[in-house]
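Below, each structure is written out as structure tokens.
Below, subunit A partners subunit B and then partners subunit C, in two separate complexes.
Showing the complex of A and B:
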């Protein structure tokens, strides 16, 4: 009898565990993929996998970044318009100022770090609500992108141009006798980044303090930790990854258009939440975020193959998001 | 002393004459509400308008014309353009240049403009369905005709392949929306022209996909089972390159697709982005023949590299110039008429010809 009870207890604690939630999302990804696979012969092609990967990089980078502010109980709404702004500036440094690709990429990332730092300082030092602070930064970036480039769209090097090699960070093309085969090299870096950032989140002070800020900031303060510093760092990480996302975006989509970008951050935040990051802060994982991004990306790529356009993708993502948050709340309330 | 007095009086008279002359010099302020700056096409329109103002001001010898050129962040941002048009009205300009992103949202504001006596000149897609008398003239490409030009350019390349094909072949069409006048007219012009050209060969054409394009064509389409050519029209939920690329990927993946048309710069860039993973587009006999619209660095490179077969270019710089001319004429009470600013099909062969190159932009 006791063994039975213990078995039931351990089963129910497994259901409430983070590992279980991640397994559920992984199962959802596989299920959705199989549905498209069965429904559309075109979807079964290898190139569709490449397409999903290509369209996923910028979203995943933003989602990894935003997981940190989310875990502190904050947010970062400035990522979408920031991405376009930094990418535009990078393209103008190359096209107008004649910079080579390395310094342009560096400035693109540093702009993200700068906006992230400002966001973090205002949130952590002045203790203003993160929603308002990053909403302001979102508008600021949208305006700044248009002002700095005088509303002109930009492109990064492509084809035979000098510096076009940066695209091969994300995708290399093998030339064989039968034609060209794209290899989504970027997915290797993405998996590596997910592993590294999962380690940072779970096993370094950067991550552990971010989690502690989200779960019990006062206790952390009382234990003598310089909360402000670690809190700011969460937003710097978010800005840094947005800068990387700006480069990934430029590598995938040739034309960078001012005024765009608003809404991209919502997909990133949605992915993190589907992946088990609590909106209230204090828990989450990068592996979960990765799975959330996978789910959204597979949906986005697959729905047109079965004749449904992106409106359906938004509708279905909305339902999944609501479901994930509900399940997460239930798990946490039971745990408490 | 008298002489000095006469001199001073003469000077005062001369000065006052100058002042009077200055006061009589007419000045015009134009508000121009465009569809935004998402594609370099609009920047070329702006450039044309600015250049024409510079010329006219140079001829006048003073700042005769001033302009405020605005546009929404995206072509789906109808509310923002409504606000911009309201601001333009409030500025009480001599005339307004306008390219509406939506056919229905502006009826009341256009009436207000009429009541305030502010004439409107449409440009690019203009202001379709405007109340009688609100829009005095349009400076635009005949988009329906331009869609047909794209179809003819593509047809020359694919006709023999269709004849040689055993079963039906598919022609894809990516339109960024099913609401804007210029894109819908192009999309329908393309479909109708393909139906006409195929009819001349005795081939039936079926139209599938987005309902607007299925129902909007002039007719003559047959059922899919009887068709030699299937035109599949696709529309993403938002006007972004990423979502156009997802739609294009589906078309490029279909085994029977032999050609794809992207009906504006965004849609055409979507086709190029999708092909970036698939490598199925080209100019060879077994490649998918991609045809675009407008230009920009990405499309020009794709055409030069043989990824895209060709595209239709409008005359955006000319549209900007003609818009300013029409605005000035209508402000002076002159009678103005619609002006077709023209279009042409270009491929890698004639991309550097002077008459084409002057209308291409990065």
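Showing the complex of A and C:
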């Protein structure tokens, strides 16, 4: 009797566990991939895999970043327009001011860090609602990108230009007997980053306190932790990763148009939530976020192959997001 | 009792418009449990917040272990060994037990938090306290009682010397309270100085050595618990005498018409085949242990939770109640035990709350008839003697007792005839409790019928005309107040458990 009871309990607690949830998303990714694989012969090509990877980097970087503010119970809406703004400025420095690639990349990332810091300070110190703060930052970045660069449509070095090597951080082209084979090197860095950031989230104070802030900020304060510092840090991480995303974006796409970018952050936030991060704060994981990004990216890449355009992709992503949140809510309400 | 470890002298604290503490004195000795009593708003919590550095004091001295101290924040107080186990549990539900206990001072290897070491330390603490909790369990999965024990473990791990318990038993069952008391007694024997804040008179007699009483921000006096009676303490608290006499006979005439009849109500595991009648002008007490299914029965009756089967008759007519809206239309109201979550909108005014359930009646065309709304609110604020500077005061600024009155007003405005009070006096101080009791009696006299769910035995015996006892989702008995005793009720409330124990 006892053993049977214990067995039942552990089975149901497994269903509620985060591991189970991640397995479900992983299964969904595999399933979606297989559906496209079966439906379209051209999807099966190696180049599709490369394309999925390339399109995923900037989204994943933003999603990793935003997972931290989300876990604190906050948000970061400034990532999308921020990304465009930072990479425009980087491009401007290279093209107009003649900077070389290294300092340009550095400034691009630092701008992300700066905006993240400002967001964080306002949210943590003045205790303004993160939604409003980062919404303002979103508009601010959109304007700033255009103003700073005088509405300049940016490009980063490509082809034979000096500095074009930075693109090979994400994709290298191998010359083999059968011709030129692109290798999505970026995915290696991404997997590494996911592992590192998962570790940061679960085993260092930055992550632990982010969870604690999202769970019960007052309690953390009463425990004698200087909450403001750690709260700001969550937004700095988000800004830093947006900076990285700006570089990944510049490396993937040839043109950066001012005024764009609004909405990218919603994809990133959506991915994190599909991956099990709660909007209410306190729970989430980077691995989950990664899986969420994979799901969205595979969908994004695959739907055109079965004749469905970008509108369909949005429509389906919306349904998946709603489904994921509903399932998550039901899973947790059973606990009570 | 040992030597004095903490002395607070002439502590003064003002907030804009309120003189919260007026030259208050207080002391704690090693190895004593010192009760701090007073009505809500008397200044107990403020005094403890000043002590632990959450508030700064305007005047006065605090001497701790022979030295004058002035803790700038909770962290300094903690480091010195003065900690609070808070009333509203200060837990981070998403983290594990050990992570909660060691939050803010995690053992680390470089940047990496050493969770292994943390779990080991936590386990040691629990062994020391003689409680069984898995340090790796997620906090939100624990019962309130166990969460509280984690808070105690946290306090001890701070090498505390003075531990302050702020209403620790508010959400505990009787067995859990006993467990808590065992721990507190153990701490006392190990020379901790313990401050115990509570409203429950029985507990004070049971667990404390001395009682200090505060009223309106002032220190009234200190008594040795053994040498004083409940009445002594209450007199000091309210400055007037309150009688806590049980009812001896039903105030409801036996031929009063049956207003509500429930037959074979089933709703999940917690409500199994429950039947009862409620007469006009009667107060029917629902007694039982926490988790006996009383609230669930009320919620199923009220249409807040789905029911599988069962018939409900009002005035002899069968009615169909599938949602709270149906129930409200039939004249039933439900005053939830969790006022803040279900009963009231804290950040709205008394007026807005009072007419919340009946707004339709105060609306002409598109607009709300404000003067009418204010008129009816004023009327109820007066009849219920709600203490407030204005009917436009936000409910969040009222005391617990007065919030409860606003909830009652809401339903009176709605002309309810059958009122379900779920733990009506939880978290309400003695003086306001008395007023709520009088109000309920008055409502019954006016012909309203009341179901009162209460875990407080004194309250059940004091208020009910008839008592229905539940245990594990089943009705185990019904007693007229004339024949009811604590023992009989307890027997019925544990009957089912005993039967199951017998089977094993």
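The definition used in the following text is that the second predicted complex is superposed on the first by the 334 of 336 C-alpha atoms of A that agree within 3 Å, B and C clash if a C-alpha of one lies under 4 Å from a C-alpha of the other, contacts with A are read in each partner's own complex, and residues count from 1 in each chain.
By our rule, a contact is a pair of C-beta atoms (placed from the backbone, for glycine too) under 8 Å apart; a residue touches a chain by one contact, two chains touch by 3 or more.
Note that the structure is predicted; figures quoted are calculated from it, not measured.
After overlaying the two complexes on the shared chain, residue contacts for A:222 are found with subunit C alone; subunit B is out of touch. Of the two partner chains placed by the overlay, only subunit C lies in contact with A:283; subunit B stays clear of it.
In the superposed pair of complexes, A:179 makes contact with subunit B only, with no contact to subunit C.
Touch criterion met: A:212 reaches subunit C, while subunit B stays clear of it. If you count the residues of subunit A touched by subunit B and by subunit C, you find the higher number for B. Across the two superposed structures, the residue set of subunit A contacted by subunit B and also by subunit C is empty. By the touch criterion given at the top, residues 203-205, 208, 211-212, 214-216, 218-225, 282-283, 335 of subunit A touch subunit C in their complex.
Contacts from subunit B toward subunit A in the complex involve residues 36-40, 43, 72-74, 234-238, 240-243, 245-247, 249-250, 253-255, 269, 272-274, 276-279, 296-298, 301, 305, 362. Of all residues in subunit A, those touching subunit B in their complex are 41-43, 45, 47-48, 50-51, 54-55, 142, 146, 151-153, 155, 158-159, 171, 173, 179-180, 182, 252-255, 257-260, 262, 300-301, 304-305, 309-311, 313-314. Across the complex, subunit C meets subunit A through its residues 54, 73-75, 78-79, 86, 90-95, 99, 103-104, 106, 108, 111-113, 115, 140-141.
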